[in-house]
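Got some structures for you, see below.
Below are two complexes that have chain A in common, paired first with chain B and then with chain C.
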Partner chain A sequence: MSAADGNGMTVPHAVDPAAPDGGEIPVLDVSDLTVGFGSADKRRSIPLQGIRLQVAAGERMALVGESGSGKSLTAAAVLGLLPEGAEVIRGSIRLDGEELIDAPERRLRELRGGRMAIMFQNPRASLNPVLTVGGQIAEVIRVHGDAGRRESWTQAVDLLAEMGIPDAGRRAKDYVHQYSGGMAQRAALAMALSCRPDLLIADEPTTGLDATLQQQVLELVVEQVASRDASLLLITHDIAVARAHCERTTVMYAGRVMEVGPTDAVVESPKNPYTSALLKAFVTVDQRRMYAISGVVPTLVGELGECAFADRCPLAGPECREDVPALRPVDDRLVACVKA
Partner chain B sequence: MSVVSPRASGSTAPEGIGRVVAAARARPVRVLVAVAMMAVLLVALVWDPEWRELRVVLTVLAILIAPAVWDAQRREVRPAVAVMLALILLALIGPLFTRDPLMLNVGEALGAPGGDLWFGTDQHGRDIFARVIHGAQLDLGVGFSAAALAVVVGMPLGALSVFAAAHIKGGGLFDSVLLRISESFQAFPTLLLALGIVAAVGPSIPILIFIISIVNVPVYLRLTRSAVAPIVNADFVLAARCAGQPVLRILLRHILPNVKQVVLAQFSVNVAWAIQILAALSFVGLGVPVPTPEWGAMVRDGYEQLVYGRWWVALFPGLAILFAVLTLNQLSDRVRHTT
Partner chain C sequence: MPLAIYIGRRLVFLVVALFGVSLITFVVTRVLPGNPAYLIVGVQADESTVEAVIERLGLDEPIINQYGHYMRQLFSGDLGDSWRTKNPVTTDIADRWPATIELATAAAILSICWSVPFGIVSALRRRSLSDRLANVASGLGVSIPEFWLGIILILVFFFHLDFAPAPIGRSLGTVPPEVTGLYTLDSVIAGDWGALRSSLAQLALPAITLAITTGGPLLRVTRGFMRETMASHHIRSARALGVPERSIVLRHALPNVLLPVSTMVALMYGYLLGGTVLVEFVFAWPGIGKYAIDSIAASDYAPVLAAVLLSACSYILVYLVMDILHFIIDPRTRT
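Then we have the complex of A and B:
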């Protein structure tokens, strides 16, 4: 199963009809990414199976799915920081065309923070409590460039000011416990963008914030990413957030990609039954009862040779169980469903 | 980081001596104290060739802890630090002003406290006050050196073992091996282990420091390990990795500063243990050689006299041990509570 060459032998590399600038190399190109926990000879759980994810230059892509669908694990795999015991079984991850799987740790270290950066759900926890906020940002700048102490500090203060931290020169000397939640997330964004990455991965960046701040912080993220001509991969379980901020959306379920397409189109006319079910489950104000998808998520032991949603899908038929449905172009998007 | 790029060297950030000068200008009081301490050290070094190393240790320590006395943010630890500092200064400078602690004067043997002899004399007519003051240098010096050596070895090992288990391939094995070694040390009662080693290699001050630190290394190893374990996979560590920082740098810059408070609290209590171990070893005759003034040895010399009502021979060195240990325990307690 050689997939490091990324020619997509195992899953045909479907061309996304709606991908902007189809001719150019995408910033992030994940194909057939399969990740397993545990050794191959025992019962092995496969939390990611054949993931395909492309983020074009300057594009904002949302990665949506319920808890446990593999969103964050995909991000960890891209950064080359899979948890202990997990390994990439096959597939390819390319950043600006450069293969990251089996890349040396030294190279990955240069890329992390330098060309791809991430911000996490809980900004307070992602900043070190015993170092000043400015000092941490300056440190990242020093690790990735040849700026001196004073120069990197000035850059860090400028970045904090740019992210809307008032009196940044003074606040840079503060510790994270002196920051409010919104400010801490702004500081985390400043740190993530400090080395002008090509790709920013935002893993549920506003889940820990209240609703009024969510909007502000997300707008800031989008604005700053755009002003740096970077791409954004926004991981969220909130479809409204995806719709408000991202041009395209990738829907994941049980470690598979179910549907990829322009966000508005995916939300308004889902082509994969799972996407429809997910959207139905999304609570709206005027709703009397919450909708729940019947059945349970399949256990992820071993590679499933059928559609992962088949057990719960209202449209499921025998053809759904024959093979893993491949992502195929349907109108303006890619759908992994034989019925679509 | 060793490669100096042309851009970095051309930057305006002060380097080398310039940085030291800039830091000195920012905190003039601290510089004055440091200079004063250096002067004390110089005097202490010139006047007596014996135990120079211990005096260096004490002076360095005084310089390190002195700033906490007027650090407004550490109000809680100020009294304890001040007392500790006074004790160290007494140990450093006090011996200059006392009589010779080794001078025998059989005519005045076992004299009760009074007159010029504040603490009385022992069975050889030696001035107990002079011996208690001289003993402070040895006990505090050995105590701090041993505890410091134990920290220097135990803390990085403990942090590295659990950090390696989480972030470096093959680190789990390193962790287990280290823990089994430390367990085999801890299987023996501390004092018994120290006794055994001294009996085997013979007592001398460097060996005593070495042994007392060896028996304490597992304490720091386990303490640091347990303090690092909950944060080894903290979000900020992951964030630092995602920002492309090398793992060892993360260990040094991001993890160790988070556990220093715990280790510091343990350190001051550990100095007290070290003093007690030294005193205990001397008490059974395996500590410092006679007639060196050492608190534990003095208590041993004096306890036979207790039954004859000559309480002062054992009491004053005993009080000295008590006072030093109490101060250190207080310090440890305050440090722990300021976290």
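Then we have the complex of A and C:
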């Protein structure tokens, strides 16, 4: 373990006590990532405030949080595809040790689809309606390698077959409207994995699919990622999904990381009050009343000088408002709470 | 065979639509004030002569009988006679429609050539120079009246710069031997380059006028669809997997944009084929639009009706052809 362990100072390079292969360079290493919208003044909206996210080689990490907590924006920042008007204010994003912030667009394009890939929710909308499914996969293969047309097509068909699409040779010539939602997601997975990326980001990949299909698709994602020795960053708002498929979990709230640790431990004994509240909202579905966290998510105008959850937290005290709580090691995980 | 059923259904629709158009136009022309009998015999003629003409033309009959008579003629391919030109309307139209087709086609081609690429490029970067220019160009194209623009172009390029020929119709020199009726095409077929140059010169100003006014809305629509497509999920996905920008625009976005844009082009071309009354008038272009306006001024019923029917017919047919093309090109309409 590194020296950061001893001195207790954890921002921005907090070392996760339970991270596997702690000595090796993580596949993805995001630290202090802060993203703002609009011009640099006090009214600027800052939806990501000092994000820290590490995914080790071969690891499956879940990124959990409510809608609007900044999960997808984090993924967009990693890919270098922030929406118009958004910019990285500070921080670092490293892929296999290579800094991506301020990397030339050319290099980012090589990495996208090559070393890191993404699959989105709503797979039928993520494939082009007027190009054949096979043709789209083949193009990604050609862009990232020196395969010719015929070779890339054969590879695309093989990939579709590998993802469990029956009669792949024929279905590759079909268009996405001829695919069911589950099949389209398999095709999107084939496309994302076509160039054997080191990191697959799956952004709510099963939202919109029915429950049995969700399970199948997620199992396929996990299995295919594992067989390629790749890492998985699974973005989800569903803790049950995270628990079923990911070893470790990063919990986000209002553009900040609240807790990082082994999924089972985070779920069974959350150390951040926000994580507890989020879990309570999930586990009480069969009770008479759904648990709701009281209060509202803070508006992210300017950078908050206190704990983002302080207004809604049952344990909050004056010390919570003195400064932004740093992510610090507590037992087997990292927690951003002064009370933990 | 879904395509055959589809075309069949559309042809039935065509007949129904033409029936409706003919009925409305027939009634409107008949109830408008103005008696064509005076046009035929002259205002000096005595009462009994006028009465005789009215009876001969059947204008004293109930309007429903007149319509029935007209429809019977129509089904035998007879559009009636023009009282003004003394010719069968079919002959008049056969003489004039090529002029309109030539102008409409030239205008449509020019219009597509400037507005579609401009719309695509300007959509790529919001608030860029091309985006701002596109705003100005489409705004002008939409709001400038075409007859005014025509007059301004004549004033500048004919009157002051002496760059364009006089705006007096289709050709100043010799007319090429008729094959298609389009002077430019016929000149090429005959190998008569002098006639080609002359007919192109005559065609230039009216075609440019129409290309500017029809290109405005087309530019706006193209830019709108392109923006929408570039913001779509599948473009984001393709980008996220490293597909280069060139392919994003040309291979991924363009086909999605050209499908709806081609529908707009069909609408525009159908509209132009019906005769552009004001521009034909300003440039003394002997097409259907000018024929219609001259006939209206003379209370000449048969040509007005024929011009409206022709306009509706060409509109619906162009639209049908575009629909069939989409049926073949767009994978989503197959399966």
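Criterion: the second predicted complex is superposed on the first by the 325 of 340 C-alpha atoms of A that agree within 3 Å, B and C clash if a C-alpha of one lies under 4 Å from a C-alpha of the other, contacts with A are read in each partner's own complex, and residues count from 1 in each chain.
Basically, a contact is a pair of C-beta atoms (placed from the backbone, for glycine too) under 8 Å apart; a residue touches a chain by one contact, two chains touch by 3 or more.
Fair warning: this is a prediction, and the values are worked out from it, not measured in the lab.
Undergrad: Based on the superposed arrangement around chain A, label chain B with chain C as either clash or fit.
TA: clash
Undergrad: Between chain B (first) and chain C (second), which, if any, makes contact with A:Lys280: first, second, both or neither?
TA: neither
Undergrad: Return first, second, both or neither, reflecting whether A:Gln178 touches chain B, chain C, both chains, or no partner chain.
TA: second
Undergrad: Looking at the overlay, what does A:Leu79 touch: chain B (first), chain C (second), both, or neither?
TA: After superposition on chain A, A:Leu79 lies in contact with both partners, chain B and chain C.
Undergrad: Could you look at A:Asn122 and tell me whether it touches chain B, chain C, both or neither (first, second, both, neither)?
TA: Both partners, chain B and chain C.
Undergrad: According to the stated criteria, A:Arg196 is in contact with first (chain B), second (chain C), both, or neither; which is it?
TA: Neither partner.
Undergrad: Does the superposition put A:Ala147 against chain B (first), chain C (second), both, or neither?
TA: In the superposition, A:Ala147 contacts chain B only.
Undergrad: Touching A:Arg170, do we find chain B (first), chain C (second), both, or neither?
TA: In the superposition, A:Arg170 contacts neither chain B nor chain C.
Undergrad: What residues on chain A does chain C touch that chain B touches too?
TA: Residues common to the chain A contacts of chain C and of chain B are 79, 81, 84, 109-114, 117-118, 120, 122, 125-131, 139-140, 143-144, 188, 191-192, listed in rising order.
Undergrad: Quick one: in the complex, what on chain A touches chain C?
TA: 79, 81, 84, 109-114, 117-118, 120, 122, 125-132, 136, 139-140, 143-144, 175, 177-178, 188, 191-192
Undergrad: So in the complex, which bits of chain C are touching chain A?
TA: Contact set of chain C toward chain A: 126, 232-234, 236-244, 247, 251-252, 255-256, 259, 330-332, 335.
Undergrad: Would you pull the chain B residues touching chain A in the complex into a rising list?
TA: Touching chain A: residues 5, 7-8, 11-15, 166, 234-236, 238-246, 249, 253-254, 257-258 of chain B.
Undergrad: Applying the document's contact rule, which stretches of chain A touch chain B when the two form their complex?
TA: Touch residues, chain A against chain B: 79, 81, 84, 108-114, 117-118, 120, 122, 125-131, 139-140, 143-144, 146-151, 188, 191-192.
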